[in-house]
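Chain lettering (A, B and C) follows the sequence in which the chains are written, and residue indices restart at 1 in each chain.
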Amino acid sequence: MPVGDEWILEGLDGIPPRLAETAQSLALIDHHVHGCYVEKIDRGAFEESFNEASTDPIPAFMTQFDSQPGFAFRRWCAPLLGLERHAPADEYWAARSALTPAELDRRLLPLAGVEHWVMDTGFSLRPITDPAAMAAESGGATSEIVRLEVVAEGLLATGVAPADFAEAFRAAIAEAAVEAKGFKTIVAYRVGFDIDWEPPTDAAVAAAVARWAALGQERPRLSDPVLEAFVVHAAVALGLPLQVHVGFGDRDLDLHRTNPMLLLPLLRRAEVQRTPIMLLHCYPYHRESAYLAQGFDNVYFDIGLGVNYLGAQSRQLIAEALELAPFAKQLYSSDAFGLPELHLVGSILWRRGMAAALGRWVREGEWSEHDACRVLEMIGAENARRVYGL
Amino acid sequence: MPVGDEWILEGLDGIPPRLAETAQSLALIDHHVHGCYVEKIDRGAFEESFNEASTDPIPAFMTQFDSQPGFAFRRWCAPLLGLERHAPADEYWAARSALTPAELDRRLLPLAGVEHWVMDTGFSLRPITDPAAMAAESGGATSEIVRLEVVAEGLLATGVAPADFAEAFRAAIAEAAVEAKGFKTIVAYRVGFDIDWEPPTDAAVAAAVARWAALGQERPRLSDPVLEAFVVHAAVALGLPLQVHVGFGDRDLDLHRTNPMLLLPLLRRAEVQRTPIMLLHCYPYHRESAYLAQGFDNVYFDIGLGVNYLGAQSRQLIAEALELAPFAKQLYSSDAFGLPELHLVGSILWRRGMAAALGRWVREGEWSEHDACRVLEMIGAENARRVYGL
Amino acid sequence: MPVGDEWILEGLDGIPPRLAETAQSLALIDHHVHGCYVEKIDRGAFEESFNEASTDPIPAFMTQFDSQPGFAFRRWCAPLLGLERHAPADEYWAARSALTPAELDRRLLPLAGVEHWVMDTGFSLRPITDPAAMAAESGGATSEIVRLEVVAEGLLATGVAPADFAEAFRAAIAEAAVEAKGFKTIVAYRVGFDIDWEPPTDAAVAAAVARWAALGQERPRLSDPVLEAFVVHAAVALGLPLQVHVGFGDRDLDLHRTNPMLLLPLLRRAEVQRTPIMLLHCYPYHRESAYLAQGFDNVYFDIGLGVNYLGAQSRQLIAEALELAPFAKQLYSSDAFGLPELHLVGSILWRRGMAAALGRWVREGEWSEHDACRVLEMIGAENARRVYGL
């Protein structure tokens, strides 16, 4: 069991002491994260939640435990369940299953050291904790991000007339903006980035909504480039930060059509340059995302999902994220979803990866220790605090 | 001269002992490899065989010895030829030339520690060893992979009527499947991946074959997108693993059209998901390939060619290949062709790179040594044994 | 203050002595570089010159000092201004401002250890030093590269008849070729690489020039694919090395359309293969560029701009540049522009990064120290000397 925070950097040699202290104890803002499952899940659902790859059952010849996140869970979470570190998968599963989801959350979440969770409360197949529950279980504050596609899909389900859709959507997100700290779009999943980014007219929106309604989907699913451009521009007009999923996700996504460079026609528009654009995840396009964060004053990025998925190898990714972009333009996130292991391990791996990269630069004299601590604080919390007004 | 296998990790510090032992002595399955030249070659042909880049003569201002593979040959093979390690290129060439090809094979191949070579016996400009000779010279077992384009080209050369081509091709590969362990396609070289992946009708195949035959090529060369889609679907229907060349090769290849993400329309088809798809080489798209291996239960990948070509710098590539994909989805290969140096050095570099990456993770406590050894065995042999039924 | 060159590798452990000596003292050829500002600049202009990202003012919430190049300037240049290393940004700015531009140049430039600057003397918003001044201030020799777009734009401004443009352009660059060591194109910025690379006829050129002239631009700006293909082919015909900007630059550039693989239709032309093609910068496409340098005898590449922009993290980039390409095909450059800090820090970071990567390979026995020193000399100077005939 951990005592204080010293366990987080265990095994890393030569981290200068003040940097180590900052990396271990810094209160993070996780600027893109989801809730935890509120009901017990079976082992299949558990392993499928290690990543977003697919909703197929895990094939009989393998287990997702044999992956970087699986090894990271067994390393970092097993001791918190009363097991040896690296406990075998079956033991891990048995110990985890013996706890209720809420017990598990309360055991793991506080150790992430997150003072504020900025939560995407959009759609989930299984019930997940809402911001109030997350706050109670973790000890951190919470804020909400509103997913644009969810608002549009809910609106269509109300049977709004196509001609009224644009106005009703604008009203709905304006109301949401009173409480929310930002918006999010998953245009990457739905149509890719290589669409016409000219703001559509209300008439074009009405026509697209009419086509969509005519599909008679039981569960409306927005996947129309006109409507994606519309919801993005409607959100941008409100000035709250807009989170944009970039790069990998599930296999329905055409990864090569989520290269963030394809957002250039959107980013070059003057009215868009007045709203913070937050590029999420970005792997394997994190270098391209950092280039955009360097080139546009209003563009930011994170490497959220990648850190958890890459486990021990996330160290290189974390270093690669420290290339082009000024340090005021990167944020921390875990993009954890469902499993509190992800909320915790995302934080541990990021702290370790930053300590290792920055520690080497300090040790070799390239950076001062003071600067290294400042950069940790900027990316870990300060940039999010400023951009979201927390 | 090496004594036991301890020389393989020489110069690497801090590898935990059991991991070192496994990395040195693990019997590999090289799941994609070619034979060795059976005739003596001149120095020009030797240097041109360091990579696939071009068949031009090496320009007078340079030597391919001054490259990562050149340095790796001089480091690892010179002592096996009775020279000092890093012996000068001229000395290396002189010592190598003093041996017959078979002597050279028998000296280098057994040291690769490969228990099974899965050989692509397709086309070569120069005579190369067949599986029986490889087995005799290396001490390892051998199996064959049948190259689809070679079968199709041979069939056209027989003068089969275009209307009979589809059926004749299916019969030919069904017969080949009795002995072969899998198929391979070089669609990447011939037309790229951005083609229509809908299975063509037999009528469309007949029309394409008629066009092809009308070209009157002395040496038939399949380079038609309809026929490439046809041969791939015909092979997939047989259920044997299908190897797909991905990423770099020679300069005739449009590298950006071999991004494996362009295979998504093929991979998303239900009937394709019943056959193992083996993405070969993949550099510089190994991160994209690992993403596909994570997303599709039937997709696997390797970084074969890259390890040899990157030499001392392959260590980073080997670590990058341990990012997204579950460890059950990656395989070892050398893709060695012609020079037994490639068969050997591919093995040494991979053993060293894995020992270095996994060794650090074990040392820093992120992985257990037991897991590290298991992953070495999975990627080095076990996954290939399972997928190919060896 | 530095004594000798030993300070350059300070903080790096375990560099073998002869390699360290070579890395510290090797006289470089910087084969792609610009002059320094000749007039005093204000702090905004200074920070905007850290990179090419944008010409917007730096936003109030940040400073470009908080970036990899900012940290590198404070580390490496502050002691040369009489400050502690890592001196705060305000102190750095105060000390820098106390010197005239020429004083600053004379203090920093000689320490770069560059014996020959191959200068792109093309367009600049602010006056910059010409080759004579650079030579005087740095102690190195200088040569010139002629930017094709500047020549074409100057020609249009003379009011040449469209029908005479092609001939006049050929005459102008033939005259320039008497003194210049090569040409450069920024086709990446202007139209991207995905254009028709067939050499246009003089009639097609005349028509394109007529359209261009009709725009009545106050300051003519070439941005027509026909004319870009024309100027490139005209330059190639003269046989002097042609520098091609590849990869990142400012935000007007469609980064994904500067993937060097899109140059394949140009590079495959026989007449182009007789002229050295120098791919500049290349990040984040340096692996693709190295692949082209491996595949084509006349293709070379550098990672100039990236080294400065990545600061302490440039070490990984420098190692990645040592993958596919034979060592005779890579060159050193800083691409420094305006700030002598960039001329100096580019050199220091490259020396350190090479010493670190090669030093590890020597230490671990993969490379001989002799080879490591040879590769430093090849990339640092010898390749440029041969290609440009210096």
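By our rule, a residue touches a chain if its C-beta (ideal position, glycine included) is under 8 Å from a C-beta of that chain, and two chains touch if they have at least 3 such contacts.
Because the structure is predicted, anything quoted here is derived from the model rather than measured.
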Overall pattern in which the protein chains touch one another (line/ring/star/complete/other): complete
I want to confirm something about chain B and chain C. Since they are copies of the same sequence, is their interface symmetric in residue numbering (over half shared, so same) or not (under half, so different)? different
How big is the gap, in whole Å, between where the Cα atoms of chain B centre and where those of chain C centre? 37
Overlap residues in chain C, where contacts from two or more other chains coincide: 316
In their shared complex, chain A is touched by residues of chain B numbered 259, 261-262, 264, 267-268, 287-288, 291-292, 294-297, 316, 319-320, 322-329, 357, 361, 363-368, 370-371, 374-375, 378, 386
Which residues of chain C touch chain A once you look at their complex with the stated criterion? 10-12, 51, 53-54, 56, 59, 61-62, 64, 66-68, 70-72, 75, 85-86, 248, 250-251, 254-256, 283-284, 309-313, 316-317
